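In the two complexes that follow, subunit A is the common piece, with subunit B as its partner first and subunit C second.
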Partner chain A sequence: MSSTLLDPPVAPSHQEIRQKNRTPYLPWLMLSATMILLGVLTGYPVVRLVVMSFQEYERAQLMGLPAEWVGFDNYATILTDVDGFWTVLLRSFVLMVVLVVITMVIGMLVALLMMRVGKALRLLVSVGLLLAWAMPSLAATTVWGWIFDTQYGVVNNLLTAITGDRWFGYSWLLNPLSFFTILTCIVVWGAVPFVAFTLYAGLTQVPEEVMEAAQLDGASAFQRFRLIQVPYVRSIITVLVVLSMIWDLKLFTQVFVLQDIGGDRELTNTIGVYIYQMGMAQGHYGLASAIGVVFVAVMLAIAYPYVRRTLREDEQ
Partner chain B sequence: MIKIRKRLADTGYGVIAVIVFALSAFPVYWMVSTSFLPNNRIRGENLAFFPTPDVFTLDNYRSAMFGQVRAPFPPAVANSVGVTFLTLVITLVVGFVAALALTRFQFKGRRTFIVLILVVQMIPGEAMIISMFRIIDGWQLLNTIIGLTIVYAAGVLPFTVWTLRGFVNGVPKELEEAAMIDGCSRVGAFWRVTFPLLAPGLVATGVFAFIQAWNEFVMALVIMQRPDSMTLPLWLRTFVQATQATNWGAVMAASVLIAIPAVIFFLIVQGRMTGGLVSGAVKG
Partner chain C sequence: MNKNRLVGAAASAITLTLALSACGNAGGAAAPEETGPGEVRVWLVGTDTPPEARDYLKKTFEEANPGSTLTIEEQAWDGLVDKYTTALAGSDAPDVVEIGNTQAAAFTSAGYFREITADEFENLGGADLLPGFVEAGDWEGKHYALPYYSGSRVVFYSEQVLGDTPVPTTLDEYVETAVDLKTDDLSGVYWPGQDWYNALPFIWENGGYVAEQAEDGTWDAGFSSEGGLAGLEQIQTIMTKGNNAPSDAQETDLQVPFCEGKVAFLSAPSWIQWSINAPEKPEDPDGVPGCASTYGSDLQGLALPGKDGGAAQVFAGGSNIAIAQKSARPDLAMSAYEILLSDEYQSILAGIGLFPAKTSLFEKVDQSTSIGKAAAEAAANAKLTPASPKWADVESQSLLQTAFSRIAAGDDVKTVAEKLDADIEAILNS
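Up next is the complex of A and B:
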């Protein structure tokens, strides 16, 4: 490894370089810190989660009482809990689908808009999108909470001014449906920029000649979109959909803080928040772990096509 | 006729573009605007839409930072800065070394390791809060910067390794080999040739680590429970959590304080976020 100026500069042959590369222990030494960190703080917690999901683990066990093995009891409890677990899971999935669809549609429309307008307007749109994108989700949630505030929110204020009825005191968060409407606003507002920018970047790669030729052949704008632009960015759309599904299913901060501001926790829990409530708030650590294991399995199943695609691309 | 129609369409799209801008920027504007307004101008019918000089005030910032609140501001800043900085340093150093191993060496198990890094990223942290809490508690690290830092480091590291690996891959190995043929040692060739080319990639990856650690909420919620060990996101949460009427001016001031570093750093590196997904994803 050492070659100083005193040594005659002997050029190592390609073979030598390659041989050095084969040193078997060096790369593993370089990977060791990563392996230790991930092993101890990701691998071990996963094992611990699975173990706890098979134990009776309540507040008493936290105090030092030995945890008893209960087999699949925790799983049986949550999987038969229609009002609790299944409702939350269904709610999370419906919310996820709604969020992904709205985000993708708006994101695509904004991307097309950016293709269509001139440079100055595109810059304007980009600035707006960047601001929304850069906002931390927690700060974003508090701002939207303020906009829809019961007493003094600007929405109630404007509605009062426009309709003439008194909207002050109207709570948007108490009713689960309007709670989820506002949640949708927050999430879509924060998620559209990434989708729009990515789709826009993809759309700019569509060769102009192809679009022009289609136009000369009499294809309408919608036909050009459906038959040329979409096929070109299909793989980008797939990745965006999978990533959005993952992010929207994991939703925690926005739901949790919106509940803080004034929602009914019982009626608005999504899966992540439910795990927190079940475990950290109510002390049913065993049950919460079982839900966590199910959650991990679901997420990995959703991520599977994305992981495979990324690896395939990586090999090229 | 066609010309008129085109101009009409242009105007239409222009109007839509302005609306898109307004909708995306309004919440950010409203946050900043409210944070500079006195209480009597953000409530009721007397609403001000802009902090003109005659009503402009810094009171909200004063009460957010030094007022009688549930969690004090100075320790929250210290905790956030400490955890974020440590996470950034650890993930960059550890991740960079790992990325080098994965790109500059051929060895058995390399592929498996890459797959693992990718899969680990897909495990939702929200599912793991219970076991994470038990483990950190077991090590007596609840409410400590070390405890939260190691959790963040493990959470951010896979992303760091993956991204840095992409950057290192972007620097041709031949450059290094050429330097070695010219008499550089392997280490020398790396430091003099490859490393300078990687600097922008390291900065970008570091900024992502910063943003993630700075904004993180769930794990902090579980691990930092004492008021004086809270990070800034938890500190902000105590404002809206209050059972009495929320002081929205102070909340918005607090939100601005948290958002500023994240927004600034984000704007520095945003160009790199979309690039990766698009390159190679568009197929002819």
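Up next is the complex of A and C:
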């Protein structure tokens, strides 16, 4: 109501009433395209995933046989499967932590490097990072696979030349530990550019004067980094860590391709590949869906701090 | 705020309902069958089917069905079960598909293939079709996938590489010869670690088994049985002491090391003779070079020797062929199917040394060469993997590939065998 005590009370015009009570169509209309797309591409698969996780859904059901409801049977099966599901989940988490830490450390170092070097070198580093960032992970993994190829790989070749021992025929991928070392190389190699660029962008926003003042006060380079630069980019780091955690947990292509080249599937499965094998390869769609639902819940829990932070910033 | 939420919820609900109902219809009533010209897609796997057969299929089909086209799309054996599981259930399914004989049950049991009626079966060859392969494509007394070809593995060698070394006549001699011949540059037997097909004869010859079904229907895997372990020991001896192939590699492009002259014995499907006996400079720019003038010129074949001489029991390799349930044009698919199983087409397959789908055409396989003779001896003594629809899951999980890679890498045979048995039993008994 726009009337106050000072103004003589005037009945609101017809026009005003209509405006007040009319449902705001336009915003919804403009949102509708997005919502339909999200509903079809994200909403529907999620609903279908949840529905399937409560059904016995195998290859025959995919061909049209009616699916039977089995309640929480699928969940019970996977949650009691210590050798399968829990081992894979734990392995994925450990791998994720390692990957995130290494990615962040190297990313930060590269960002700091880019702050220091001259224009020409910076350009060179940027181009290099962009190329790595632009490389499709499938292609990258295949090339890394060749590098570590058992028979014709560069690594075995160099090792033979350097040590004089015969390294031809040494299989890097069969041993889970060296498998994950190579996997870490591939993933970190692909993830560092984004982290480095983002951190570099953040670091350039740290005011020169503050850094200079600290230097005059006798702060060492490490102290300046720890006490000035890091606090300035703290929110960026948080976002990057959360995003990296999600990406590294969702890992699929790299693991799948490396396993194909010659890894022990059972000892190197991560959650994404495990779901694929359960569902696509073996046709247990119900079980795979249940794992998917549990996995979505885990991911949401990880993403929660990020979403909350974003919302809080919006409110400010 | 509340109101907005409500509208939002309503909009999402509407979207979802639309999406759900749209999908609900797709699985329902079948569309009325089309007639007239159309398109048929045939999925053949690997390079086993020779170009002449492909050309014949396309030409004959398009002559018999004027206006229609037939496309052959080549698939890879690797990951085939995964691919078929989704591709054959989708709306863009191919019409006719080749499938490995040991993988067929996963699909016949789940309704992926169109039933071949008794009349059609008679028409396509009936009792003349390879019985073991017909059985592999049956489910609950009905035919779904018929034989395409069979071909057991043959041991190849080049006389100039083997030299004076006598050809082994028993399995033990084969192992010894392989170890004796091996140098840094020569594999006694070239055996990439993931090649499990070649490992099965050693298990069977030593009295072991892959998996057997008990009276109560449960499966018992036998790699860790006494005979199984004896076989695995022999396999490990060859793989680690008589072989330079990578322990983690697959059995692809086996003609390459053979043509480098770095292989004494190579156990491979019989059609690989044509890859070895190809010109050094392939006519097709994408072709793989062979070595017709060198190691291919004196290529010989040998049936893998058994424990007590004679031919060993080997894995009955081969394919079945089926019409996809979701084929858009079953009428045209059947027309292509009839050509694939026709005497003319099957004779082309016999011409390159594959055993055709019909027993009456076996005589068309050239048995005058040592390779043809070896192939026939091996086929006569061939065995299949366990007849369970879940066996395909064992394959798609690469359990055997992994186990034999480990054996090739020198891991303890008993540990590997016990783990493999437990994993196989878990799948077959699930």
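Going forward, the second predicted complex is superposed on the first by the 288 of 316 C-alpha atoms of A that agree within 3 Å, B and C clash if a C-alpha of one lies under 4 Å from a C-alpha of the other, contacts with A are read in each partner's own complex, and residues count from 1 in each chain.
Just so we're on the same page, contacts are C-beta pairs under 8 Å (C-beta built on N, C-alpha and C of every residue); 3 or more make two chains touch, one makes a residue touch a chain.
Values in this document were obtained by computation on a predicted structure and should not be read as measured data.
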| task | State whether A:Val82 touches subunit B only (first), subunit C only (second), both chains, or neither. | result | neither
| request: Considering only touches as defined above, state whether A:Glu58 meets subunit B (first), subunit C (second), both or neither. | output: second
| query | So, A:Ser235: does it touch subunit B (first), subunit C (second), both, or neither? | reply | first
| request: Give one of first, second, both or neither to describe whether A:Leu173 is in contact with subunit B, with subunit C, with both, or with none. | output: second
| Hey, is it subunit B or subunit C that touches more of subunit A? | B
| request: Determine, under the contact definition given at the top, whether A:Leu216 touches first (subunit B), second (subunit C), both, or neither. | output: neither
| Between subunit B (first) and subunit C (second), which, if any, makes contact with A:Asp260: first, second, both or neither? | both
| message | Applying the document's definition of touch, where does A:Tyr44 land relative to subunit B and subunit C: first, second, both, or neither? | response | both
| Contacts of A:Ala139 with subunit B and subunit C, given as first, second, both or neither | first
| Taking the two structures together, which residues of subunit A meet both subunit B and subunit C? | 23, 28, 40, 44, 149, 151, 168, 260-261, 276, 280
| remark: Residue positions on subunit A within touch of subunit B in the complex are 1-4, 9, 11-12, 14, 17, 20-24, 26-28, 30-31, 33-34, 37-38, 40-42, 44-46, 48-49, 52, 110, 113, 116-117, 121-122, 124-125, 127-140, 142-147, 149, 151-152, 154, 157, 160, 168, 189, 192-194, 197-198, 201-202, 205, 232-233, 235-236, 239-240, 246, 249-250, 252-253, 256-257, 260-261, 271-272, 275-276, 279-280, 285, 288-289, 291-293, 295-296, 299-300, 303, 306-307, 310-311, 313-314, 316
| query | Taking the complex as given, what residues does subunit A use to touch subunit C? | reply | 23, 28, 32, 35-36, 39-40, 43-44, 47, 58-60, 62-65, 149-151, 166, 168-169, 171, 173-174, 259-266, 276-277, 280-283
| query | subunit A touches which residues of subunit C in the complex? | reply | 7, 11-12, 15-16, 19-20, 23, 27, 78-79, 81-82, 85-86, 89, 106-107, 109-112, 184, 193-194, 244-250, 325-326, 393, 396-399, 402, 405-406, 409, 423
| In the complex formed with subunit A, which residues of subunit B make contact? | 10, 13-14, 16-18, 20-25, 27-28, 30-31, 34, 42-45, 47, 90, 94-95, 97-98, 100-102, 104-110, 113-115, 118-120, 122-135, 150-151, 153-155, 157-158, 161, 177, 180-187, 214-215, 217-218, 221-222, 233, 236-237, 239-241, 245-246, 248, 251-252, 255-256, 258-259, 262-263, 266-267, 270, 273-275, 277-278, 280-284
